[in-house]
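Okay, so here's the structure we're looking at.
Per-chain residue numbering starts at 1, and chain names A, B and C are given in the order in which the chains are listed.
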């Protein structure tokens, strides 16, 4: 039953299973295990980024396509939901149609870019998506009459999902049972469902063909697979998933702006999460996103301490300053591409014997 | 028979997942023309590319002039005195004929006397000296490709199907040129599917099939022995006769 | 030997085909003309055209190395933008040291300061290019996916190192005296610095053309772009050639960085990634690997960006993307597709 839920793609490593279980249990009971606003924010971000990173892995790891437009799709989803909620009011209906519209628009964009540039080399696709995505980000921040520009959009969501809505008057296990908690579980279960769906996709015949195309496009073409069709479909699916993750973010934050959805920094974060977690395995997305966001939130404090300690040594203290944590991640990233292209998950699975 | 200039023993070459050469043993005697025959896909081009270092042999040894060259890189192999005329001719179409020749003279300026001799062998080289190599016809490109290989004195030239797709008159010019080249102490390893042409110029012959040499000996022996021809032709040259 | 039988024959390229081959060159004046019609006012048009050409020249300086590196070894360096930023920071630092020269009214001293700054920037970025090629690019030759990822990682690290060395704030610097202000032609005011940029860019383009056409290294680069294996078979080490080209390309990116920095008078650590978008568009439009295409692409992008910035400021960047799409529909491999034998 459990294997079926995971589409037969089990973690295949004791330690990996353990880590995944820890992540799952921590996220499932986050409001009770780690009370406090900051930890709940972090938990929700992890859920959303697991979906976002997994959807990127669908491209990078399973199809061998490098795209820099993933945040664009993420943003389209977020803005779709945000615009629907802010123009037609905080109803479930606007939430649904906004989310659906975002996903459809993302799919159409992905289809256009895919048909346009997937025929040629990987490098070409990477360059085109980079250009298109940055143009899109600029466009969004300039169309302030619609998108709120750099300031972004603040809007209301259905009342049942806000802290103002009290489900039970008393606290349970010291936690207030309110709309915020409901919103968290909406994010959690939606993310879990999307993740399982993606697991199903990559383990379907379609997913297996995708890997065959990645490994040897020439041969796949010779056998009779339409390579462009497979790649384009993967791009579209991945874009839809990213858009849905964007919608979750829009609901959770009750705010959508360029900095939280479209920026190049987020694109680079996603890249780091996929590679460090492990390309070509969706469980890598879980570990990559979790570790990265925890590090982003908490490691910086640790580095602050290190900088404090080494403050007497001029160069070292700048190198370990909390703002410089991306430097070390960058180095780690390069090393992982060289030495552990299958990331943490690959390491864990290899060490299973 | 003179000493062998080049010997391959038990050479295996893998291209990606494909095992193309499966233990090639080949000897090229110094100072003559060795013809390598075989049907498409037998591994002839791969053999030449492996000698040239463009593919690396995974097993076996290649000796040139009694030195092991198996693991050397292509530029080093070229500097030791092996030139290569690839099947696609490898002309730099963006450059002029003169520039193509100039680059081929890797060790220094063009030798005027040698150039005159080449222009005599291949008149179009002189005629189109300043023209863009991309505008040459197929036969002219083939001539340029061979001319490039011999602009500096080389000990061994690897020539891959120099007559492929060319008109009979140009095939004759090419054959004449190779024959004249043979007179100048240059050893030639020639891949050829045109047996008529190969038999007039070759001294020794090797026949390949499925990544191995299945026959080798003197060309005269093969020309004289019709049963053997039939056996090997049926195997290797069926489509070309 | 029968001369008649092998009568030399040149394949005649029909006029029509020749015309279409040359057509991309005409795009620049055509675009300028369209700009004149759309803008209407000749004075503003002249100002914008010079601004566009200046911007195009600077992008060309930065993009040229990238395109040749790709042509030669099929390597696209996504970290190229880091060299732009590092060049700008080194250049600004040198100019700040030479404040006495830049503030002086003497044109010679001003020029000298800028020259020293450019040379320092090129030296540093050239050496950085060496390290980048050896450490980051070399282990992943021929593996496109890893190449993109690793050079992207290099970009992150390089940007962070700029923060470490120069601090997190952006730098400001005024242009030297001689390059400030404008020259007035009739009603059109043209910034002096833009004219300087056009002059330098043009000189560089001509110099590159000369090197590629008339020197052995240049010929080898062109030959290598078309067929690297054959270059090796003739006895040349293409890897060494590639290293030289990579370092030159990096040094040019640093050069462009100083020029761009002086143009904006403000530089940030992530300026490189912003400019890279334009650089990529230019390289794609021109045809990956083609220097001429890169030059024409840069002019088109520079002009179009300036015209649209005047006519409809909000769509400036989108317009260059639109240009890229239109050109790729017309020529899927860019304006000057590079012949690849492989």
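What we mean here is this: a residue touches a chain if its C-beta (ideal position, glycine included) is under 8 Å from a C-beta of that chain, and two chains touch if they have at least 3 such contacts.
All of these numbers come straight from a predicted model, not from anything done at the bench.
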Chain whose Cα centroid lies nearest the overall Cα centroid: C
Farthest chain (mean CA position) relative to subunit B: A
Subunit A-subunit C separation of Cα centroids, rounded to whole Å: 34
For subunit A paired with subunit B, centre-to-centre distance based on mean C-alpha positions, whole Å: 56
Centroid distance [mean C-alpha coordinates] between subunit C and subunit B, Å: 42
Set of subunit A residues in contact with two or more other chains: none
Footprint of subunit A on subunit C - complex, ascending: 70, 76, 78, 136, 139-140, 144-150, 152-154, 156-157, 160-161, 163-164, 168, 273-274, 276-277, 280-281, 283-284, 288, 314-315, 317-318, 320-321, 324-325, 328, 332-333
Subunit C-touching residues of subunit B, taken from the complex the two chains share: 52, 54, 73-75, 78-79, 83-84, 86, 88, 90, 92-95, 99, 102-104, 106-107, 123-124, 127-128, 131, 134-137, 139-140, 148, 169-170, 172-173, 176
For the subunit A and subunit C complex, residues of the former touching the latter: 60, 64, 66, 116-117, 119-124, 126-128, 130-132, 134-135, 138-139, 142-143, 264, 268, 271, 275, 315, 318-319, 323-324, 326-327, 329-331, 333-334, 337-338, 341
Touching residues on subunit C, where the partner in the complex is subunit B: 1-3, 5-6, 8-11, 13, 216, 219-220, 222-223, 225-227, 229-238, 339, 341
